[in-house]
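There are two complexes below, and they share chain A, which is joined by chain B in the first and by chain C in the second.
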Partner chain A sequence: MALINPKKREVQVKIVYYGPGRGGKTTNLEFINEKFRSRIKSEMVTVKTYNDRTLFFDFLPFDIGMIKGYTIKVQFYTVPGQVKYNATRKLVLRGVDGIVFVADSMTLRQEMNIRSLENLAENLVSFNKNIETIPLVMQYNKRDLEKEGIPVLPVEIMEKDLNAGLKAPYYTASAVSGDNVAVTMKRIISMTVMSIREKLELGGSE
Partner chain B sequence: MTNNGSSINKELDSRLNEFFDDDTSHEPAKHEDPLENLKAIVLEMEWELGDKSLDAYLSELKKLGAQCRQDKALSIYIKLLDTIGRYLKSKKAAAHPETVSFLKSLFDNFERAVNSGMGEAEKNHSAAVHVQKFKKFKVSISEYAPTKASKPAAPTQPSGQGGLSDEVKTCIRQVVREEIARLIKRK
Partner chain C sequence: MDFPFDFSKKQLESIEDVLNEELIELGVQSVVLIDLAGNVIVNLDNGRCQHDVYSLAALAAANFGAVSAMANIIGEEEFSLLFHKGESDSIHFSKVGTDLLLLTIFGKDVSLGFLRLKANEANDRIRDLL
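Our next item is the complex of A and B:
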């Protein structure tokens, strides 16, 4: 739940990058952290194993400035995608305000994407949240692999697999090259902040 | 309420556009400090390895070398960093896949030796340790080349204009192959 501090006129929202292991969640945050380094005043925290798997989570906080007199602080987390880390995933998901689901476009990962999305839905239920109503952006990542001759799922299939019911906005992306990484992030910030706007006492501010 | 909502939306949009703006003036500015320059280049090399960054790397290193000439330990580091840089420049994608991360860790230690106010003895020791690591790495390079040559070469694609560097592509292919192998094994 977004933390709103009316006294300090500060809002803190929590956005989680979710998705199957090796899908590119960490790479998304790393790209942002590099590219917008000069504007991000805090450090990215990341805990990885020797082969770059996220062990616990990645964490990247930054301020996007003032909106309607409130300082908006956004905290980004990634969950560890590996199936065995569900307890950690739940922990990271606690208090989430918005989600980017990073799906892996490799044909081989079709099943894993679906399972990971189901796992997200279940975990949200345990916090009385609903995947259909929480701000959600889909990202179909690793599109660049197609050029490498690696079989990649057509977007229509991914839409059908993952987004037929949810109808969340989606982007194709390549986190390694940064394609649509910032766009994805902008969209989820915007959706998340809009979703809590009623909670900000905005009526009298204009 | 809708009114209010759309006005927030506008303000939010403009905020976000500002934040995520591709303004080049925010790009790492040219510094006077060669160590800072070198650091930026090394970070860039982790991202994309091309002739441009390698040339910049070698030339900044040269400047730094001139400044550190009096310092034995630092000169050793610079020599190692230079050797690896030249190796990368000649081999590019065919270089040992861990070369860039080896270079990065060497650079980090070099930076530490410069900035942390280490004593002479400690600095010399750290340089010596890295000479040993370098020797080991050289061995793995020599072992790496023949195995690679014996494998059927992957179809090489002309390196695209500005896209992923060949080195990154090689890494990605390798990771993907490993993953596919693992997935198949599991089935």
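Our next item is the complex of A and C:
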């Protein structure tokens, strides 16, 4: 839940990049960190293993300016995608306001995407949240692999596997080249900010 | 459990007063009150340090969560003293109520015993304000 500070007139919004291991969550944040350097006041924080897998999370604060007289501070996080890290994944999800689900388009990863989405739904339930109602954007990542002759799932199949019931907005993307990374990010920010707008109009609690 | 926390301006001001009186005046460098989602609720400092409190909050919340989970695995409710000692500066963590965490960053000139005492007093007073 977004934290509203009526004294500083500041809102902290938590957006989490979720998805299977090696899907490209960290790469999304790395791209944002480079591309939007001027909006980021501090270093990206990463807690990773020696071989670059996320061990706990990545953290990137991002200023988007003022809305309704409040400074909005977006805090991006990634979870560790590896199945064995569910305990830490849950800790990162605590207080989440919006989610980008980064699915891996490689045909080989079809089953892992589905499992990871199921795991997200379960973990949200443990925080009394619902995957059907929380702001959510789907990103079908690694589309660039198709050009290299690596088998990639057709978008229709990914939609059917992951998004048939949820009907979340989706984007095909390539996090390494940055293709649609910013678009995905802007969409989740706008959906998340919309969802807390009502609360902002009430001016927090007085 | 999630965090249905909202603070009024008045509450935030009262919390700042408590932290000033109990901890900043004791000579600590900075105090940060956060929730377990990693949000910063109040941060104050002595005017002579520039820590990145948002990153600190994200890491502290995660660290606290991990340590609590370890406590549970060995059958403890929680570990009462959480403290990281550095060459010149140290960090002390204490839980406030069930969902908040108070971080205090202090130098060698402040004794840990005294700090714990003051942090406890601040905790009691903040709990009354929630």
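Just so we're on the same page, the second predicted complex is superposed on the first by the 201 of 206 C-alpha atoms of A that agree within 3 Å, B and C clash if a C-alpha of one lies under 4 Å from a C-alpha of the other, contacts with A are read in each partner's own complex, and residues count from 1 in each chain.
As a working rule, a residue touches a chain if its C-beta (ideal position, glycine included) is under 8 Å from a C-beta of that chain, and two chains touch if they have at least 3 such contacts.
Note that the coordinates shown come from a computational prediction; the quantities given were computed from them, not determined experimentally.
J.: Fit or clash for chain B plus chain C once both are placed on chain A?
T.: Partners fit side by side after overlay.
J.: Is A:L166 touching anything from chain B or chain C once the two structures are fitted on A? First, second, both or neither.
T.: In the superposition, A:L166 touches no partner, neither chain B nor chain C.
J.: Kindly classify A:L145 by the partners it touches after superposition: chain B alone (first), chain C alone (second), both, or neither?
T.: Only chain B; A:L145 stays clear of chain C.
J.: Give the angle at the C-alpha centre of chain A formed by the C-alpha centres of chain B and chain C in the superposed arrangement, rounded to the nearest 10 degrees.
T.: Seen from the centre of chain A, the opening angle is 90 degrees.
J.: Counting only touches as set out at the top, which of chain B and chain C does A:P6 meet: first, second, both, neither?
T.: It touches chain C, and chain B stays clear.
J.: Check the residue A:L55 against both partner chains and state whether it touches chain B (first), chain C (second), both, or neither.
T.: The answer is neither, since A:L55 touches no partner chain.
J.: Taking the superposition on A as described, I'd like to know which of chain B and chain C A:Q75 touches: first, second, both or neither.
T.: It touches chain C, and chain B stays clear.
J.: Report for A:A87: first if it touches chain B alone, second if chain C alone, otherwise both or neither.
T.: The answer is second: A:A87 touches chain C but not chain B.
J.: Note down the smallest distance between any C-alpha of chain B and any C-alpha of chain C in the overlay, whole angstrom.
T.: 19
J.: Take the contacts of chain A with chain B and those with chain C, and give the residues found in both.
T.: Looking at chain A, the two contact sets intersect at 206.
J.: Please name which positions on chain B make contact with chain A in the complex.
T.: Those residues of chain B that touch chain A are 4-5, 7-9, 11-13, 15-20, 26, 28, 43, 47, 155, 160, 163-164, 168-169, 172-173, 176, 179-180, 183.
J.: Considering only the defined contacts, which chain C positions touch chain A in the complex?
T.: 1-9, 12-13, 35-41, 52, 54-55, 58-59, 61-62, 65-66, 69
J.: Show me the residue ranges of chain A that touch chain B in the complex, using the header's touch definition.
T.: Result: residues 22, 34, 36, 38-39, 64-68, 72, 106, 108, 144-145, 147-150, 176-177, 182, 185-186, 189-190, 193-194, 197, 202-203, 206 of chain A touch chain B.
J.: Going by the contact rule at the top, pick out the chain A residues touching chain C in the complex.
T.: 1, 3-7, 12, 14, 42-43, 45, 47, 56-57, 59, 61, 73, 75, 77, 87-88, 91-92, 94-96, 127-129, 204-206
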